[in-house]
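Both complexes shown next keep subunit A, but they swap its partner, so subunit B is in the first and subunit C is in the second.
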Partner chain A sequence: MDLSSINPLVLIAALMVASTPILLAAIGELVVEKSGVLNLGVEGMMITGAICGFAVAVESGSPALGFLGAALGGAVLSLLFGVLTQYLLSNQVATGLALTLFGLGLSALMGQGYIGIKPPATGDVNFGPLADLPVLGIVLFSHDLMVYVSLALVAAVWAFLKYSRAGLILRAVGESHEAAHALGYKVVRVRLAAIAFGGACAGLGGAYLSLIRVPQWTEGMTAGAGWIALAIVVFASWKPWRVLLGAYLFGGVTVLQLNLQAAGLAVPVEYLSMSPYIITILVLVIMSSNRGRAALTAPAALGRSFHASS
Partner chain B sequence: MIRLEKRPNPSRAVGMMTPVLAVLLTMVAGGILFAALGKNPFVAIKTIFYDPILGEFAFYYRGQLLVKGGPLILIAIGLSLGFRAGIWNIGAEGQYIIGAICGAGVGLAFYPADFWFIFPLMVMAGAAGGFLWAMIPAILKTRFNTNEILVSLLLVYVAEQLLASMSLGLLRNPDGAGFPGSRNLRQYEAAANNELIAGTGMHWGVAAAFVAVILAYILLNRHMLGFQIRLTGESPRAARFGGVKPNLLVVFCLGTSGALAGLAGLFEVAGPAGQISIDFNVGYGFTAIIVAFLGRLHPAGILLAGLLMALTYIGGEAAQATLGLPAAAIQAFQGMLLFFLLAVDVLTNYRIRWAKLETA
Partner chain C sequence: MKRRNVLAGAALAMSLGGAALAGSHEPVKVGFIYVGPVGDGGWTYEHNQGRLAVEEHFGDAVETVFQESVPEGADAERALTQMALQGADLIFTTSFGYMDPTINVAAKFPDVKFEHATGYKRADNVSTYSARFYEGRAVQGHIAGKMTKTNKVGYIASFPIPEVIRGINAAYIHAKKVNPDIEFSIIWAYTWFDPAKEADAANALIEQGADVILQHTDSTAPQAAAQGVDGVITFGQASDMSEYAPLPRVSSIIDNWAPYYIARTQAVIDGTWASVDTWDGIGPGMVEIGEISDAVPADVKAEAEAMRDAIAAGGYHPFTGPLKKQDGSDWLAEGEVADDGTLAGMNFYVEGLTATIPN
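Moving on to the complex of A and B:
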């Protein structure tokens, strides 16, 4: 095995690409959970976004339209969950699972004619001379637009939740829907908006997989990325910047194990491939073992249905 | 303006009716889906739901009903115990794989010896494998308060990698000319889970599923532990005052569902599937979640729901062969069923009222 073939700078650049799908899905789910809704259907929305984005990009020849279609597809699917949990008051855990199972089936059905096709290429953003900077060039200025969009989205969500009035209302709904309702806020509408935003983000994450990271369509290609995004929200204690940290940490593990596979480490490929999942579990354990803190940071109304009695 | 009004008590009659209503709604929506795919919806629905039972070639399909229904029922019974108490094991697929690997491993270790105890030993190993795999989320939950939903699900992907590793490495057939996959257990008499009555599809796994249905019914209706499970689900606060130990319930529910999923895996690998291979698991562990809800988490309901879901698998294959309906259409169809089920479930707890819009 030859570890010297692994260039740390390239590794960091690859890490940012590998993390982006999960980062997009996780930042969306963070907003959903902040509004007090637990949507376990991230995996289903991601894979639906992956095929919607892929199909639109292939048919139109434009990756940008593809991403738009993916966001729309994810949002529409998430609103199915929204109507069920918010108007028909169904159990959020069960409905989220249903969304995942349905999304996997629907995407496989939609993707029938798209197997083995190459999507139109998405170019990297041209930063001109900045890209030639010695270390920063390759790490910061050599990516496609979506990497920067995902970073901007994290900053936007952070600012929205911390500084805007709408963000305050969203958090109030998530902490105590009874109190928010009594103050005259439309609990159900706020939550539906949050769910749709989460769905759109998950769709973007899925499309990033099928249009840039892989880039191809295969059935079940998200391979648990949606579930890892859910785990990262817990890891992040519902804080936007920590979502970034968690996603990049996970991306780092993924890229590192791929590099180790390529370098011919004397461990069977299967064991390296399962490492990202095992490390996610370990991180979850460490974060949740501190009982007091985990209970304090989770939105108080997370997962509870709201039915206005008056 | 439609308003929902909470019922003082959940309606039992409506509760019995909702699965039927959901199935009917899914047939309508599925018909629209099939029509959108360019198939005649009436022919498609008939091919899926009618032909396998009463059609011309039903003699072939009827046996398959038990073969597919057995593992679904076995897994769903285990899951339903936890779901009732709000303990979400959604990693049954992983426990199913590990049960199959452990059971097949024990059987293959004895190859080519011929003792009567090999198959019973395999059954025990399969259950133990599933049980231990489910103990990972259970102990992490009780000891570190880690979310069992995420852990059990993530372990499915770990189990799938283990399965690939086993079929390419440790359990690979040494006489298989280098092809991935283990020896075929059906050709190894002492380890085979053959049909008990020829042509019916009845094998030990189906028998185990029926036993599990009966035991689950007794547990839930006649046993203290079953009462505690139901109490925890309906009122966690009351359960705590009533002296229910939540950790014990977590370990019991996850352990039981894991052991049953492991059993299902073992019976499948020694019977219908025959060997450990990379694509051994076909999603029974996930479909069983739909079965559990469709059966309203009641053992008798799960029995019927499991058979119905098996019918969609078989009918789906038939429709694939005769109508060219894509396999994914059935997967989407099954997902839709769960959606409709959850949607109409609102009628159990709420009444629909037509009210005039008024200012509060």
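Moving on to the complex of A and C:
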């Protein structure tokens, strides 16, 4: 047992990298759920984004184009869900689950020719002298661009929902689609936009896995990350900054337990691994025990279909 | 409607079972249950290669079906039952965690033959088969002990089951033999397949000074993670993983299931199938050592190949005394060789390993 072999700064830096895919997917899903749509297809959109991004990056040689392709791929797949649930009024839970299965199959098919190929490397952002700062340098200024993009995205979503008029409309649609409709807002269009944004974010998260964190293409490589992203949104009680906290907590526990094991500490891995889920359950229990607050947190129209005739 | 389908499937299963016994020309249906996707590049990939070999060998006489990414545990029973109802005559369940589900479903379908990989529970219609991966681990341990500069070997383990513990012991014994200062850091990933987690585990080990990464998980993610780091070597697991050669992947353990799958399918066709326990190693060809790359010095390579050949010929057993258990008690006396029973149920580390096995 030698805890001195763990460098806490390297650990925090690794934690940020490990958390970025679920953070991206979760912040996208938060916007979707805020608009009153429950899309359980995050896993499918992530894995599709992973292969789209990987394929584009390999073919073009540019990781940036790869991420763009991933966002596009995720958004297109999510719009499939959007059309089915918003125009054809299919059940959101069932359609979302189907989207996950479809995404897993589609990505396996698309990825046939990309197994064992190395993607072009994504460099770290060069902050010059900032990167040499003690403590802060390695934690804050030694990452690739996507880590900063994910953080900026959280801030942007927070500001959008809290301060912008469009954000208010989105929240109104999610709280009461009839009222929003009566005011003349295009409920279906707003929701489609939110769904596409969620798909793009999930796609980015998937591409972060295949292009930076692993980096390679393997079938089924998201291995449940999409479900964790869904849990984080609930854990965060639909608040952007808490999504950041939740994602770093989930990612942090994973990285921490791996490092503790590597250092030879006999940690009860099962307990560490389940702790974020236990916290999620606790959050749900606490939220539902206080009716007034629960009404404030979960979007009231979450998961309900809307048709202008109703 | 659905119930009618199930009933029709059951009827079909019975008629097929009867047909196979009567030796008619209905194709024999062989099913495979996989723990990961066929494109994992490791464990499941090789089982699927075995399935493809069966198809090629028998042509129209055999039909194969498979299901990927079946979770270990209760859900496996559902997948197995479905496959049996669809009329499979022979079903291979290819992960340790399918042991109890296989036994349970086999009891309900006495006419269907089951083959469970890496387990130890058998029945009249359930065989077990496994490969002596630890023979390959011994060769890896030798190369690792010779190649490491930091004297620290990182080991990404999956679940604390005998097969994995056996591999750790075999690698450690042979690394220690050539490098007394060697240390093993072991991470239990508690998964067979999760590329992101496997990559994180490899990174954690490398950050803490390991320059050899051994893995007992199924994906090639640890290879990809090690690729960007100078001086770190890895070994392919279950499959050759040669796309990462010559560095970081310097050699590999390859599982070759094809001959076994063909032989067992033939036995079903001939009606000679019986419940057996097969455990083959390098000698019969179920375990192969992937080409040792040029990154390994010639003398180390020659020694490793000599060890491989000695194990194949039966002249050397990787668990040969004197060996002590971790707690210091005697296990094998000078020249004594471990018996298969102890190996199959191995639940202890050998002397020198500092970690403890999780419960």
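By our rule, the second predicted complex is superposed on the first by the 274 of 310 C-alpha atoms of A that agree within 3 Å, B and C clash if a C-alpha of one lies under 4 Å from a C-alpha of the other, contacts with A are read in each partner's own complex, and residues count from 1 in each chain.
What we mean here is this: a contact is a pair of C-beta atoms (placed from the backbone, for glycine too) under 8 Å apart; a residue touches a chain by one contact, two chains touch by 3 or more.
Everything quoted here is computed from the prediction, not taken from an experiment.
Trainee: Is A:A298 contacted by the first partner subunit B, the second partner subunit C, both or neither?
Mentor: neither
Trainee: Is A:P21 touching the first partner subunit B, the second partner subunit C, both, or neither of them?
Mentor: Second partner only, subunit C.
Trainee: On the A-aligned overlay, A:I232 touches which partner chain: subunit B = first, subunit C = second, or both, or neither?
Mentor: Once the two structures are laid over each other on A, A:I232 reaches no partner at all.
Trainee: Would you sort A:A223 into first (subunit B), second (subunit C), both or neither based on which partner it touches?
Mentor: both
Trainee: Given the touch rule stated above, what does A:N91 touch, subunit B (first), subunit C (second), both, or neither?
Mentor: Only subunit B is touched by A:N91; subunit C is not.
Trainee: With both complexes overlaid on chain A, does A:P215 touch subunit B (first), subunit C (second), both or neither?
Mentor: second
Trainee: Looking at A:G105, would you say it contacts subunit B, subunit C, both, or neither? Reply first, second, both or neither.
Mentor: Touch status of A:G105: first partner only.
Trainee: In the overlaid three-chain picture, which partner chain does A:S289 touch, first (subunit B) or second (subunit C), both, or neither?
Mentor: first
Trainee: When the two structures are overlaid on chain A, which partner does A:I278 contact: first (subunit B), second (subunit C), both, or neither?
Mentor: First partner only.
Trainee: What residues on subunit A does subunit C touch that subunit B touches too?
Mentor: Residues 108, 111-112, 219, 223-224, 268, 270, 273 of subunit A touch both subunit B and subunit C.
Trainee: Contact residues on subunit A for subunit B in the complex?
Mentor: 40, 80, 84, 88-91, 93-95, 97-99, 101-106, 108-109, 111-112, 219, 223-224, 227-228, 230-231, 234, 268, 270-271, 273-274, 277-278, 280-281, 284-285, 288-289, 291, 294, 307, 309-310
Trainee: Enumerate the contact residues on subunit A facing subunit C in the complex.
Mentor: 5-7, 10, 14, 18, 21, 108, 111-112, 115-118, 121, 209, 213-216, 218-225, 254-255, 258-259, 261-264, 266, 268-270, 273
Trainee: Could you list, by residue number, the parts of subunit B that touch subunit A in their complex?
Mentor: Against subunit A, subunit B makes touches at 4, 6, 37, 83, 88, 90, 140, 144-147, 149-151, 153-158, 161-162, 164-165, 168-169, 286, 289-290, 293, 326-336, 338-339, 342-343, 345-346, 349-350, 360.
Trainee: Of all residues in subunit C, which touch subunit A in the complex?
Mentor: Those in contact with subunit A are residues 36-41, 69, 154, 185-191, 193-197, 199-201, 203-205, 207-210, 219-221, 224-225, 227-228, 243, 354-356, 358.
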